[in-house]
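Naming follows writing order (A, B, C and D), and every chain is counted from residue 1.
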Amino acid sequence: MSILEIKGVSKRFGGLKALDDVNISVAENAVHAIIGPNGAGKSTLLNCLVGKLIPDTGSVTFQGQSLLGIKPHQINQMGVSRVFQTPEIFGDLSVWENVLIPLFARRDGAFRMHAFETIANEADICDKAEQMLIDVNMQDKMHMHAASLSRGDKRRLEMAMCLSQEPKLLLLDEPTAGMARADTNNTIDLLKEIQASRNITMAIIEHDMHVVFSLAERVTVMAQGTPLVEDTPDNIKGHPKVQEAYLGGH
Amino acid sequence: MLGLGKKDIALFMIVALLTLLAPFILNPFPEGSELAQFNAGYPDLMQRFVIFGIFAIGFNILFGLTGYLSFGHAAFLGVGSYAAIWMMKLLTMNVIPAIIMAVIVAGLFSVLVGYISLRRSGIYFAILTLAFAQMSYALAYSVLTPITGGETGLQPKVSDPRLFDGALAEGATPQANLFGLDMGASYEMAVGNWLFTFNAGYYVAAAVMLASFYVAIRIFRSPFGIMLRAVKSNQQRMNYTGLNSKPYTLAAFVISGMYAGLAGGLMVAMDTQVGPERMFWTASGEVVLMTILGGAGTLIGPVLGAGMIKYMENIVSKINSDILHTWFAFLPDGLEDVLVAMVYPFVGKGWHLTLGIVFMLVVIFLPGGLVEGGQRIMNLFRRKKRAGDDSTPAPKSHPAE
Amino acid sequence: MDAILLQILNGLDKGSAYALIALGLTLIFGTLGVVNFAHGALFMIGAFCAVTLQRFLSLSFETVDPTQTDFLGNPLKVKTPYVEHWFGPEIGGAIIDWSVPLAILVAIPVMVAVGFIMERGLIKHFYRRPHADQILVTFGLAIVLQEIIKYFYGANPIPTPAPDMFAGSLDFGALVGMAENSIIYPYWRLVYFAFAAVIIGSVFAFLQFTTFGMVVRAGMADRETVGLLGINIDKRFTIMFGIAAAVAGLAGVMYTPINAPNYHMGMDFLVLSFVVVVVGGMGSLPGAVLAGFLLGILESFASMKEVIDLIPGINQIIIYLVAIIILLTRPRGLMGRKGVMEE
Amino acid sequence: MSNSNFTRRGVLKTSAVAGAGLALPTIFTNRANAFTNEPTGSTVTLGFNVPQTGPYADEGADELRAYQLAVEHLNGEGDGGMINTFSSKTLDGTGILGKKVEYVTGDTQTKSDAARASARSMIEKDGAIMITGGSSSGVAVAVQALCQEAGVIFMAGLTHSNDTTGKDKKANGFRHFFNSYMSGAALAPVLANAYGNDRKAYHLTADYNWGYTTEEAVRNSTEALGWETVAAVKTPLTQTDFSSYIAPVLQSGADVLVLNHYGGNMVNSLTNAVQFGLRDKMVNDKNFEIVVPLYSRLMARGAGANVKGIYGSTNWHWSLSQGFTTPDGTEVAPDAASAAFVKSFGEKYGFPPSQAAHTCYCQTILYADAVNRAGSFNPCAVVEALEGFEFDGLGNGPTLYRAEDHQCFKDVLVVRGKENPQSEFDLLEVVEVTPVGQVTYDPSIFGGDLGSCNPGA
């Protein structure tokens, strides 16, 4: 049973064909990686999934519902969360508040005039937020300014924010880009843990083969805007087309 | 208590105490002394402190929380004022309908302006709001004269209909009141050489200000307040967290527009007249200055900023050269003249110069406004206290304190 | 028909003043990323360069003329400017008469110096500060500058006429074969228009054809990269600030015969010039010039009696109305780049 | 140089001192006075509320000079100025009713809000018993309404709109300055005389109340003499460049341009009009002319040589002090009162007073005299003393403070920009002294209701 269906998606920017007839199906509860060299169209594809870009042709459906022409916040409300290449968090707010926001968004929807409620009275939300910070091992940093966190902590915070929404599908855009090895491994462990405990479908766009092979159950290799192969990591490893794509890319 | 945290209760209590005791605090110098010039505890200025405090608190809800810089907020104040004076002309000199109508009309106008202006952000938003305000000003001054009174503005007249009020006594002028309590009525208390004035209008305005301040604290601490700060911090993340930032900013815009309308209505309630200059762009600029000077995004900052600017406008501008000579009279003549010549350009008619210099100094050295100045002084004391024990650096202070 | 032509001419002239101020403002914003609310004050200082030179040239000594009396009934003290005394009334008079054009020579070094001092002394520290801080500090500076001018020159406007040669107006209508007096245009305004065209042209040429200009343009597009190339972009930006100040100042000098300068003329232009810049698109030089002329022409049309009769009050709000419409239909102004000043 | 002129409420000086030794506060209810700010000590405080910042700051500064001079004269310092020539002789240099005159100053910024704030602080904080000053009708009307509410007297400064003593008149407010109606009535015959009865006028009118009333006044009175009004175009207050309004004038077939502008607007529109060479043109075989209904000498300086030969009206001009011959050959003898005023002002400050200074000085003297005649500071008594008061010797000849609208009726000066000025102050020459009878009107034509005097408290 697939949770996300991408069918015949194409996108042009002027003369450049960024995506050309992309067909990918992400199975529920799977960890699906999309890899490929620079310029393969991975980020464009991701932007088509979250509502930032609208494909020229083709369809994107999430749990049977079309995502085309729907605004990013509506797509998120449907259960799709996104982790950015550089962590996007609320830098001016405290870590604690950063986690509260997605919880409120999850409970109250895209807009609510809760101008006269007090956070302290929202025991339910506070408990969840606290639990989430414990889960990502950041409870001791909850009163820190989010902007003053280390990069690894920012990533974990962003992950916590996405998870606290209990998404059905988590999109990760190069979650370990620019990280040191140790941090990368921590992130991999974190993601594994999440996958094990929460049953979330994940789609990962990644450069780093180490990450892909430690996490993914299915891998799609993209080059020049089209998927080349889709298979299990083990089969991908020695696949001639993949080598060709990467070597050709160099 | 009151749905506020401990710290906020303390803050609110301090503000409430300061407001209630303002007639004492603002009149520290005995009557007749040379320093009495600096006393600010007379009704008009006290009223202006709290009214512009309300205006700035409201502006801060928009600018301080969401970061949207409106350069046309005076338009809402003006529109509210016009609504209020018309209530007084048509219905009653009781201030309640006037104030309520001011808030409603300003709210409606801000929905219109906000809906259009919020389609853009950054300086484009600022220019859009400026354009609306300038159009309101220009039209109120000229072609809308039949409604606004144009240059000479509107005042209640003996001949106005005032449906709910009985006929005025022969020779009486219409006075703004709260169920018969005249806004101009004052009790005076003399203690020694000091004279303290307790003005009914001031306490009405102060009560409204405290209520507004309380509401502002609630908004700052509410989930809604966090959402507004999220708008300022990272709109992209907000959208990808399933939140629609548009209605949040519009709501903030309308709330702050209503605060401005409330301030405008109160201005009319305290001083029954409206003129179009109230909407000129410099008036909008003034509230921006108040907010930043005091500390944007802080609860108490805008009130301090408003107080400071109004103090300079009303007190410093009244110091003339003769008064200076009185101050320095104890000095030998030559020195006296030199000192007067040195100080004179900065006071009286030179008060704008002082204002400009203060802005520059505050922005250069205290980017967080007066509140940051206060925090630095506090930190200085704390550090002294802690000197010796090897403490970790103080956690970065909460942005909304 | 000729009425429309007349207003287009008028608008071009009005627009040239707007365009000049907006050009300087955009140079500063585009290069330094600073929102300079003191730019109107620079315009005003330029105008007062002309006033000062005129006063300097008119420095006089007094002689008592017993045949006339002053307002108190005492013998009148007649003032004779030194220059007239030294060079004879004719040449001396001509020098005073030409004080506005001569002031250009004074204004260039003065304005460049003012620009340098402002940039190095104040603006430099605000590159990394929020725009709100920049606005506040430059607004404070504008107030301080105008109050200083007021302290020395008073609040009233000070007449600074153009040379007699440029008095009167050109009968443009008669030149092109229309009825006499149908399109008249003051000579000095033609001079102003030509002057503005030259200044705008040279700024563009300077940015387009010199290496210096190329580096600055590159810096406007991507400051960090240019900095990585080992080019000292900051120094060049300082010079650009001086140039922008000089452009504003010269606009002020040449404007003095059109309207007698007073200390608040900068503030009068400030809001308008910001509207022009934003309508043109923040950071776009051609946009600023285009918007300046466009708004000038529209303002002129809106002041026609026929238009006012049709829509009362339109002349009061036209600029703002146009700004609103353009910003709603073209999100970044006429020629603005993406992502500038939107955070 | 150490006279203290800021006083505190008289109340204090007597009663508060008595309570000084008491531990318990004494509480007064609404001050047991007969009227607002009743002076109970040995001094009385006046509030001088003038523009000290903004475009009219120079005018405000001149008003302030006149006030300071008036205070000196009232307190018996200086040469006494026009007190000596004033027809009422109650002022003897001992202040007002024997109380020394002190004063406070404030800044109106030429904004009605700021002006009211400043006036209120004078009333509430400094205990001022009378407020005077201002340099625009918006401010005058706003402050006048405030004084009516507060129960103090308002003696208007420079305000020319008909509204101040017309639809917005108040019992506690008085105006010495003339108004738009009078300007029109005085100007029209002189214009018809100089330019003929067959003229076509084009009006440029500042788009606010004062502009409307001035345009109306000039139109009505010139049309009555046979002129035709070709067009009237409203210009925004904030306009600085009037070229687009002036350029179409010649095409319209008009041969006179009337600039219903004041202050900075006037300077700019006149400068622009002269720049366009309008005055060198011939239209309908007549020389094109420009008219400025209200002249202010201070502002006219800003227009420089552009004012030469241009007609307008003014409330008073210092050249009255010297006597002159009008163009039609009438000899006007030197006016002793004006001479006394120009002398004491000129000797103190080094230049002649403006009309704003003159009207402010007169207002102060008139108030002081009215209090003395009434024998009380009570506003109602002062109103009674001023209503219908006839006086002379303040520079405008015999004058009446009309009871119906609290407007002064006196001769109006029609002036013209001087071709060969002697000095920087010598910009205008008086062309005609229009007799008061010619500018008097029925008080009911502007509507409004004076109400009755309010003593406050």
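Please note the rule applied: a contact is a pair of C-beta atoms (placed from the backbone, for glycine too) under 8 Å apart; a residue touches a chain by one contact, two chains touch by 3 or more.
For clarity, every value in this text was computed on a predicted model and none was experimentally measured.
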Practice prompt. Determine the chain that sits nearest the middle of the structure, using the mean of its CA atoms as its centre.
Written response: B
Worksheet item: For which pair of chains is the number of C-beta contacts greatest?
Response: B-D
Worksheet item: Counting in whole Å, what is the centre-to-centre distance of chain B and chain D, each centre being its mean C-alpha position?
Response: 34
Worksheet item: Once you find the CA centre of chain A and the CA centre of chain C, what distance in Å lies between them?
Response: 53
Discussion item. What's the distance between the Cα centroids of chain A and chain D, rounded to whole Å?
Written reply: 75
Worksheet item: Between chain A and chain B, what's the gap in Å when you average each chain's C-alpha atoms?
Response: 46
Practice prompt. Give me the residues of chain A that touch two or more other chains.
Written response: none
Discussion item. Where in chain C do residues touch at least two different other chains?
Written reply: 313, 316
Fill in: In chain B, residues with contacts to at least two other chains
138, 141-143, 352
Practice prompt. Would you mind giving me the full set of chain pairs in touch?
Written response: A-B, B-C, B-D, C-D
Fill in: Interfacial residue positions of chain B with respect to chain D in the complex
31-32, 34, 36-37, 39, 42-45, 48, 138, 141-143, 145, 149-153, 155, 157-159, 170-173, 175, 184-195, 197, 267, 271-273, 275, 277-278, 313-314, 317-318, 320, 322-323, 325-326, 329, 333, 336-337, 348-349, 351-352
Worksheet item: Which part of chain C faces chain B closely enough to touch in the complex?
Response: 35, 122, 125, 129, 131-133, 135-137, 139-144, 147-148, 151, 271, 274-275, 278, 282, 312-313, 316-317, 319-321, 323-324, 327-328, 331-333, 341-343
Discussion item. So in the complex, the part of chain B that touches chain A is made up of which residues?
Written reply: 3-5, 218-219, 221-227, 229-230, 232-234, 236-244, 247-248, 251, 255, 395-396, 398-399
Discussion item. With touch defined as at the start, can you tell me which chain D residues reach chain B in the complex?
Written reply: 1-9, 11-13, 15-17, 19-20, 22, 25-31, 52-53, 57, 60-61, 104-107, 111-114, 116-118, 120-121, 124-125, 136-138, 141-142, 145-146, 148-150, 161, 163, 168, 207-210, 212, 234, 236-238, 449, 451-454
Item to complete: Could you please specify the touching residues of chain B with respect to chain C in the complex?
Response: 63, 69, 116, 119-124, 127-128, 130-132, 134-135, 138-139, 141-144, 281, 285, 288-289, 292-293, 296, 345, 350, 352-353, 355-360, 363-364, 367
